[in-house]
Amino acid sequence: MYDIVNGLINTTFGWNWPGWVIALISHLLVTTLLFAIAPFQMLFLTYYERRAIARMQDRIGPNRVGPAGLLQPIADGVKMFTKEDIVPAAADRWVHFLAPCVVVAPTMLMFAVLPWGPGMVPVDLNVGLLFFFAISSISAVGLLMAGLASSNKFALLGAMRAVAQMVSYEIPAVLSLLAVVMLTGTLSIVQLIEAQAGLFISSADVPGVPDLGLGWFIFTPVGLLAFIVFFIAALAEGERTPFDIPEADSEIVAGYMTEYSGMKFGLFYLAQYVLNFLLCAIAAVIFFGGWQGPGVGWLYDRAISPANPDGNWVFNLLAGFLGVFYLLAKTYAFFFVMVWLRGAFPRLRVDQLMDFGWKFLIPLTLVNIVSAAIWVALLRWGPEQGITFTQNWTPILRWGVAFAVTLAVNIVAYIALARIFAASQAEQGRIDLDEYRDTLTATLR
Amino acid sequence: MNTGKLAFPMPLPAGVGTPSAPGGLEGQTSQEKPVRISVRRSRVDGCSTKDPAMFKTEELQINIGPQHPSTHGVFRMLVTVDGETIIDLKPVFGYLHRNHEQIAEQNTYLQNMPYTDRLDYFNSMANNQAYAMAVEKLAGIEVPERAEYIRVLMVELTRILNHAGALGFLINDMGMWQTQLAFGMREREKILDLFEMASGARMMCNYFRFGGVVRDLPPEFMPKLKELLVAMPAFVDELERLLRENEILMQRAEGIGILPKELALAYSVTGPVLRGSGVPYDIRKAEPYSVYDRFDFDVPVGSVGDVYDRFLVRIEEMRQSKRIIEQIVEQLPDARGGHINPRARQNVRPPVGDAYARIESPKGELGFYLVSDGSPRPYRYKVRAPSFINLTPLGDMCRGYKVADVVVILGSIDIVMGEVDR
Amino acid sequence: MTVKIERGQIVTVERGKRTARRLPGMGLLDGMAVVWKHWAGSFRKNQGFNDIHGVFTYEYPEERPKLPEAYRNMPILLYDDETSHELCTSCFQCERICPPQVIHMTQAKDPATGKPVPAVAEFVIEYDACMSCGFCAEVCPFDAIKMDHEFELSTADHQKLTVFKEQLNRPISYYERIAPTMWAEVRDGAMKKLQGNIKRRPDVIGMAPNLAEKIAARRRELEAAAAAATAPAAPAAAPAEGRKLTPEEKAAKLAAIKAANAAKKAGDTVEPPVAPAGAAPADEKAARLAAIRAKNAARKGEAPDAPPVVAGEPAGEAPPADEKAARLAAIRAKNAARKAAEGSDGAPVEANVAATEPAAAPPAAGAATSAAEAATAPADEKAARLAAIRAKNAARKAAGGGSDAAAPTTTGNVDSGGPGASDDAALS
Amino acid sequence: MATVIQIIFGLIAALIVGAAVMVVTVRNVIHAALWLIACFFGVGALYLLLEAEFLAVVQVLVYVGAISILILFAIMLTRQVTGEGVRQLVGGWRLWLTAAISALLFAVAIVPTVISHSWNVPAPPAPPGTPEPLAGVAELGRAFVYEFLLQFQVAGVLLTVALIGAIVIAFEERARRRRVLTLAEEHELRKRLAHPPPVEAPAGEPAPAPRATPISEGEVQQ
């Protein structure tokens, strides 16, 4: 955006404004754009979810407002705006007021590092991935504020559940991404995407494969397991079924949102759906190549870019459109999976959720990091790191061996850990009654 | 009156005696204080803090209900929790009390029939049957064979629709967003269409009369019923595939809300809850009323007595009901008599006396106790509502489990507040 | 565990996973497959009872469910299309059986004799408390009350849910359309009973009030019958009715003058005016006016003013100049009075329910319209009574004037007009 | 550009100081914790301003995302949250004395640094060829495993020990925790206590037999 604005102002008009003004203008423009996009994503996602889940339940879903019910979210939004904003008498007014803001702000900030297409990233932070998760963890504070300020037991329970869940599931999420970071050696999201060019084989590992934009990490065993773990963790972070415990309506009414109404409630809703969108998008970016796809690379090679300043802007446009299309298609596909899971699964209990995160997912990600290390060692390392036996292998052979080894490691680890986890779960409910015998005898007398 | 005596005509499994028998279980119900045990045990010596109050947690009282999404009506549970573990639970009900029994004593016998629909609004046909049977017993009215077949058909359809709904609500309480409920409702709607064809109403059927049913099945009923019988196994199989081996459901249901069979008998729960606890007690078998002795069907029982067992027992009961309906479809054309005893009158005036009739309603034993003083209105009218009786062990069943389990246990009991509060 | 018992067995349900073959998580995938199948199958309609896939939503306002014949929602009253006679005989069976006691009715009485007639004067059902049990339709020995298929009764006005006879009435053809076989079963018996009942119904009693032209036709028929009969030459002057249906005095005066002329031409003896006490005036002013007129007429000892004819009727239908006309005017006045009485009872409800009347029932015109009009005006009972008493007094005075002895016999009742009264007059 | 950065720095510094003041002056403990979070956030922003992106992100991740949550959780376990009626430990002149001592101690730490630092703002441009500052992730990692390996390992061991300690305490706490027996467990325990259980049913009860006579109508209506 900086380049465009700079080109427009300083080159086309010849005004020669200082750089910081242009930077400010371009950042403001991007921010405005994103702030406009985010609520519309939320509106569309609510409609999308309701339609999809209705189909799964042999229903039609909202179909009255507008063509095929498309304006239903607008109507809901109008309803939200016109509702009375109620603050409980016993509530901590300021904290109650600030909580939705604290929840929404981080989700908006997370847009800052999300690349939409080739060369279309608001900020290319070199620690973008970490930034994404660091910022997302802030919203936990907002949830806790909401729960504490509402002075409602259900809200408090919901907030505690939500925060415990978010904090616990951040660990498997980040650890699963660590495996991918090991594969690429960078924390920059843009570079992560660029590493996923190629054809089913990351072009970083086997040089010379044709660039069809299909070198996604999901096609490696490490990436596959990381994706599964990450998606599960994302479900928990985004409070989706089967991990929608913080707002389990059958148990604790609406969780931390119980005492909110009107647009404050709407903000929580907004934050949640935007967060879901972002989690889906980041899953698409990291494991499914983001905007990578057949044709984007070819188009972008002919476009104006830092590497190729003499390109044609038409290709910029085309590559941008195709890239955004790929990204959104993948994102909505993931969101569909989220909806699908919501339609198919009951929810876990809160202690089971914790057990699942800590006792199953985290060990699994640790194993996955080991297999990522194996992958890197087999593919990239040579005699200088002390790996000599792969010296004479062709890249394809190396790739094949690494694939086989990591696949075996991951499958064995998955089955073994699942068995152990199931056994521990079965064991957990059991208690040794004889320990209590004396106490009970005393109680009875 | 000898109705308090329960007969167990079926061989009981080892260790299960008559209701009040073994183990000195008398009075071992919720009156006693729950056993709370704290075992002080130091695993790492020197590490334990000496101050016991340091880790003392505070008990929290939560009102679940009466305005709560998953209390199945206006029902309140006063829950005392320690963290998320339930220490004590008190069911509070009466919010839906409508004075049913008193109203019934002001009405004539026939006028009460539509009121019984409103008891358990999911199973109006079953309620009708129990009441009609009680009045017929009291007034000595014969029911023609065909009418009996129609009645059994309706009640078995009711059982299927009740279980389809109950399982859907149970799964909904577990957090599966109404998917199974929507599937169950789809089947329920089909059955309700049949009810509407026969009786004119979907839920408040008011179909039974003393001496039969109000009108014969319309000609389009049987073809539709046969179509439904094609869909029914597919529905149940799909339900099993969707949920039976679902790991999350198993985690949520297995070992939760265990009601041991001795205690189940002591609490005098009935229906799928009792059978889920492993007691093969089914009035259709124990004391075959109507024409139930002419059908082959099995009695599914559970082995542990937890939510999962109740879930499975209900699935199996839907299969057995379908089996009964198939037999009815076969036998109905040969049944003698019309749809109603032509001599049965609208205004019954039974002789002085009393009668108790009970049926195996989808939720358990539904009984009507009537006392007649010779007038056209019942002198005393009493409903033995299965939802109400099955609710009594709720407090004890929930103790020691988590808050999230409460709604699941409540859902597995399958109550309808209209019947609990009456 | 399975134990054989009589006709069946006790089976212990099989818990847990059926096979150990599975990878962990396969149960979840199975469930997802089921949901996927439903999603994929949801782009078509549900095919029927044997189908468990496909959308099974009825898009309600556009797509109407096909209701079975036996469907019952709220009770309605039937009347015969040809004769427009209601089937109800007010036997009170439904009122008695109704569990929530929401049915109320009064029996019609013969205006001439005061004896009950097998017809219903007013019939009220409180739809808001009705529990749709269908007992009323079941017990009705004349198949007059049936259960409707109309279920869109929601209204913001609670009062609308107390429904009167005008709104309850449906033709038999309507019921035959919604429940052909159920009507075919009972048709013969019901029609036979109806024919029997019609014979016992004098005048237009028992005719559906919302069929104006039918009633008009019936009146004409009665008229003809009366003309054929050799009535004594003392036609009853119409009683001065205690109420007037239209506030427009012009029309009333016109009618009155016409009637008076007709009576003069007939040259009959003086008939004292009679005010029907039971008739509730629709309008205080009109009532007073009528009373004053009646008084004046009595004083004058001339023919009293004829009742103002129903506003809806064209002036051409005004009484012809002979004794027939006087009788007709009398009958009309009586009917109008009766109707006004009914109308004023149901005043708050009628007018608006009339608007919501489904198309099946022909729109009320003529008499019904006038009743509705009367109902829209605030019915002031006190004023009505006052007017009636005044009229009576006037009549007495007139009688005291030595004109005729018929005056004392005329009570406040509606049955003063007609040949009977004039016979009396002639005899005395 | 430099002016802008200085303005931003001023704002962030004001936020940090203001929030820190609020932390110690506010009565409500929860509010104090929330101000503390704001303070942490300001520090993170400061790091970002210094172009230490990784540090900034880690600050947010660890302090805002984890530590502050921990603090809030700890607060939830306390009874009095609002702080009304809580007597302050010291008051009056003693309070000022305490503040003075604290300030003095802080000055002892900060003053030598301030005096010895060469305040040449802005920093002189580094000559080309010098390595990047120690803010990059790769450099940080390399430094950890080459230069500061011992410290890194010690820190890791320390954290592991703390983790194990926490688990031990949690286990002990779980063992000590009041356990509410479920109905089934209680029943089982009672059965074991009453061992051997009385087998025979009280006299007068009908023995279970297949197909017992159902309660007849006459029996009911007697």
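Letters A, B, C and D mark the chains in the order given here, with residues in each chain numbered from 1 onward.
In the analysis below, contacts are C-beta pairs under 8 Å (C-beta built on N, C-alpha and C of every residue); 3 or more make two chains touch, one makes a residue touch a chain.
Quantities reported herein were computed from a predicted structural model and do not represent experimental measurements.
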{"item": "By mean Cα position, the chain sitting nearest the middle", "value": "B"}
{"item": "Selected interface, A-D versus B-C, where C-beta contact pairs are more numerous", "value": "B-C"}
{"item": "Gap in Å, rounded to a whole number, between the CA centres of chain D and chain B", "value": "48"}
{"item": "Centroid spacing, where centroids are CA-atom means, of chain A and chain D in whole angstrom", "value": "24"}
{"item": "Chain centre separation in whole Å, for chain D relative to chain C (CA means)", "value": "78"}
{"item": "Residues of chain C engaged with two or more neighbouring chains", "value": "5-6, 24-25, 28, 31, 34-35, 38, 46, 56"}
{"item": "Per-residue overlap in chain B, given as positions that touch at least 2 other chains", "value": "10-11, 35, 37-39, 179, 183, 186, 242-243, 246, 248"}
{"item": "For chain A, residues that touch 2 or more chains besides their own", "value": "56-59, 343-345, 436, 440"}
{"item": "Sites on chain B touched by chain D in the complex", "value": "1-3, 5, 7-12, 17-18, 20-24, 28, 34-44, 47-48, 52, 55, 57-58, 82, 85-87, 137-138, 258-260, 262-263, 286-288, 305, 353-356, 393, 396-397, 399-401"}
{"item": "Residues of chain B that touch chain C when the two form their complex", "value": "10-11, 13, 107-108, 110-115, 179, 183, 186-187, 189-190, 193, 196-201, 204, 206, 214-215, 218, 220, 224, 227-228, 230-231, 234-235, 238, 241-248, 250, 254, 278, 280, 285, 293-304, 308-309, 312-313, 315-316, 346"}
{"item": "Interface residues, chain C side, partner chain A - complex", "value": "23-25, 28, 31-32, 34-36, 38-39, 41-43, 46, 53-57, 59"}
{"item": "Residue numbers on chain A that touch chain C, as the complex places them", "value": "52, 55-60, 63, 340-341, 343-345, 414-415, 418-419, 422"}
{"item": "Chain D - residues contacting chain A, complex", "value": "1, 4, 28, 30-31, 34, 37, 41, 53-54, 57-58, 60-61, 64-66, 68-69, 72-73, 76, 81, 136-137, 179, 181, 185-186, 188-190, 192-193"}
